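Presented sequentially are two complexes of chain A, the first with chain B as partner and the second with chain C.
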Partner chain A sequence: MPIEIKNITKDFGDTRALDHVTLTLGDNQIYGLLGNNGAGKTTLLSILTGRQCPTEGTITMDGEPIENNDAALGKAFLVAEQNMFPDDMNVKRAFKAAALFYPQFDREYADKLAEKFGLKTKKKIKSLSTGYASIFRLILGLSVNTPYLFFDEPVLGLDAQHRDMFYRILLEKYAECPCTVVISTHLIAEAANLIEHAVIIRNGKILKDCPREELTADAYSVSGPAGLVDKFIAGKHVLSFNILGGLKTACVQGPCDTLPEGLELSAINLQDYFISLMEEEDRK
Partner chain B sequence: MKMNIKPAFRYQFDVFFKGSAITFLVIMAAIAALMVTSIYISADTTTISFTGYGITAVIFLFIMGIVNIRSDLRLCLQYGVSRRTSFVSEILAVLSVSAILAAAGELLTGIAQAFSAGNSQFLIADLYQLIYVGPDAVSLSFGQHILSMLLNTSLTFCACLFGMFFSLMFWRLNKVWTVVAAISIPVLINVVPILLSRLGINLILLINWIGASPFNFVLFFLLLAALFGAVNWLLLRRANIKEAK
Partner chain C sequence: MTFQEERPIFLQIAEQLEEGILSGAYPEESQVPSITEYSVTYKINPATALKGISLLVDAGLLFKKRGLGMFVATGAKEKLKSQRRDLFYHNYIEKLVREARNLDLTAPELTAMIERGFQDADRN
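Moving on, here comes the complex of A and B:
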């Protein structure tokens, strides 16, 4: 398997950000790394790219350990919220430097995307607005052509049009040259159509790790009069529920029985499933 | 583990070289201005001397060490190069630039000495000449220039690694320890020589040993650089690399 994460733990003083995380990221798939704030998503991606060192555990990329290994680290690119570029560096120089480090960097494509997004390449990276700083990093990520591409909150500060453009370009790029993509985002509804495999992380532990369809196919939402809903969900695995007036809506995991009259059944999407799962965990 | 030094070295060398080239041009302009003023313009017959090339290079590379280590490391990690490779290539880049800057200094000193030969109103000399030859020597032999270059290389290289040490130490420390370190450093500078003296270790002996031969000087500063290099790596080895504030 391309990326094997074995028993990774990361402590920051008394806080345990990752707790014995074991995960495998397969070839040429789009992964959604989902979790609440502070779940450990950014820490995991930082460890995967050598920015942080795990307290415990090992990571291998194509069979090679990543620690101080340029052959492995050079196969991955992280598009993160943080600006890792020097203060005086402009976009053009960052592209030039990218070509130095990644021989497969497509400069022409990067320039084309910069034009498409309206990114001024002569501007200093530090002086870019939040949205354009995100666009700059997205363009780099889309142009480096590495087999592993990680996005941490990729659309931070982007307007709806640019977000849509990014999702479409990412899909085009993925169709052209498939690679392993990991998207960590809070905008689950927007990215849901891209995600093939979902990894849900909470308090540094992996809660779910399975194909997206498998997650949502196994759950459904039932709504109707509270009494009827309560009777129907009795004994079932209820992820979450909410009551509005006399009406109750419940998210249930597991097979669906024949629905009694008066109740309405609907499929749930990835975001609803995520919220329901988090609510269930909150109650524990 | 495989190291991809070439791109990291090229990037880091470029950063150091550009800064060094500007510094060199400024020093060159200063020397030229001093020479022209003292020999051709000024009616005053007092001697004007320039002996600060080596020290200027030391201060410059000390500051470059403080400034560059973090930003180079961040960029390398962003572009898929490990911290170890980034550190090794940074050291190689510093060593190369130190040697180039020292060689350029010898060339500059040699040319300036040739131009001002026989003129008592302008004197140019560098550390090696001041310590081991004497400021009155009109010019240095080729061998002496080589020794002077080695001396300046070892000193500037050590200064840069010392700068990196400061940068990395304050990067790793939290606010409380930063204050503690800031207070401790000047205190230690004053207290350690006294303590060593009380323990029977005479620092004058060390200074005399360094002054006895340029090879001792080079060896001492290379050993000191190796010590800073090792401490720097320990500070960097498991640091969490974050964006600049």
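Moving on, here comes the complex of A and C:
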């Protein structure tokens, strides 16, 4: 498998940011790395791209360990919050510099995207607004053409129109030259339909790692009079519930047997599933 | 098209294609949108779009022309119509009768209502 993450642990002083994470990222799929703030998403992506070293564990890319391995690390690109270029460099020169580090960087395409997003390439990076600073980094990622492409909270600070543009351009790009994409986000509803495989991380541990559809396939929500709902969910795996007057709604995981009269069944979307799962973990 | 959250998107893609074939938006022997077009337009993973389109290929409603894309099969519209008639009974008639019973409507009363529905539709 292209990327094998084995038993990765990362400590920052007393804080364990990642706790024995083992994960495989396959070829040409779009992964969603989902988790609340502080779950360890950024740390994991930073380690995957050699920006940080793990306290323990190994990562291999196409069979080669990434540690001190420029060739392997050159195959991956991370779009993150930090800017890698000197602040007083302008966008145009930054594109030029990116082409030096990443031979497959497509400057023509980057310029085209800059025009599409309305990013002024003569501007200095430090003078870009929050939104345009994000767009600048996204364009780098979309133009770099590495086989592994990681986005850490890619749409922070972007307005609705630009977010929409980013998702479409990413899919266009992905269709044209498939690569392994990991999108880390806590904006789950927006990314839900983009991703093929979901990895849910919580407190530095992998909670779920499966095709996105499977995640919600056997989860459902049932609502109705509290007494009836309680009777129905007894003995079932209840992720979360809420009560509104006499009406109770419960999110349940597992097979659903025949529903008694008076109860209503509905499927649950990825975001609701995620929230329910987090609530269940909170109770533990 | 906006997707309903409760149902798998690949099914909704398949249904939308079927609607298009039935309505004539995608005539027989004409090309349907590509997986990439579906993916980008609806912001969905291409694998999801492929899954939806594959359902119609498996049903013999679409066929692949190598290097060109997906096309509507000859006879697809008629095939769909007959499938839909069966579904219509299950999805609408069975429910209609059940609800009619709840409301104490008799069969002749229901028939009269359906006839009125046809008349109203013709007038509009």
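The working rule: the second predicted complex is superposed on the first by the 284 of 284 C-alpha atoms of A that agree within 3 Å, B and C clash if a C-alpha of one lies under 4 Å from a C-alpha of the other, contacts with A are read in each partner's own complex, and residues count from 1 in each chain.
In this text, a contact is a pair of C-beta atoms (placed from the backbone, for glycine too) under 8 Å apart; a residue touches a chain by one contact, two chains touch by 3 or more.
Everything numeric in this text was worked out from a predicted model, so none of it was measured.
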(message) In the superposed model built on chain A, check whether chain B and chain C fit or clash.
(response) fit
(request) Considering only the touch criterion stated at the top, classify A:71 as touching first (chain B), second (chain C), both, or neither. (result) first
(request) May I ask you to decide whether A:131 touches chain B, chain C, both, or neither, giving the answer as first, second, both or neither? (result) neither
(request) Mind working out whether A:157 is in touch with chain B, chain C, both or neither, as first, second, both or neither? (result) neither
(message) Looking at A:57, would you say it contacts chain B, chain C, both, or neither? Reply first, second, both or neither.
(response) neither
(message) Touch test for A:196: chain B only (first), chain C only (second), both, or neither?
(response) second
(message) Let me test your reading of the model: by the given contact rule, A:30 touches which partner, first (chain B), second (chain C), both or neither?
(response) second
(message) Under the stated touch criterion, name the partner, chain B or chain C, that contacts more residues in chain A.
(response) B
(request) With chain A at the apex, figure out the C-alpha centre angle toward chain B and chain C and round it to a multiple of 10 degrees. (result) 150
(message) In the overlaid three-chain picture, which partner chain does A:225 touch, first (chain B) or second (chain C), both, or neither?
(response) neither
(request) Determine the nearest approach in Å between the Cα atoms of chain B and those of chain C after overlaying the two structures. (result) 27
(message) Please report the chain A residues shared by its interface with chain B and its interface with chain C.
(response) none
(message) Under the stated contact criterion, what part of chain B meets chain A in this complex?
(response) 1-4, 7-8, 10-11, 71, 74-85, 237-238, 240-244
(message) Give the list of chain A residues in touch with chain B in this complex.
(response) 46, 49-53, 65, 67-71, 73-78, 82-87, 89, 97-98, 100-102, 146
(request) Quick one: which bits of chain A touch chain C in the complex? Just the residue numbers, please. (result) 29-30, 164, 167-168, 171-172, 174-176, 193-196, 212-213, 266-267, 269
(request) Could you please specify the touching residues of chain C with respect to chain A in the complex? (result) 3, 5-9, 35-36, 39-48
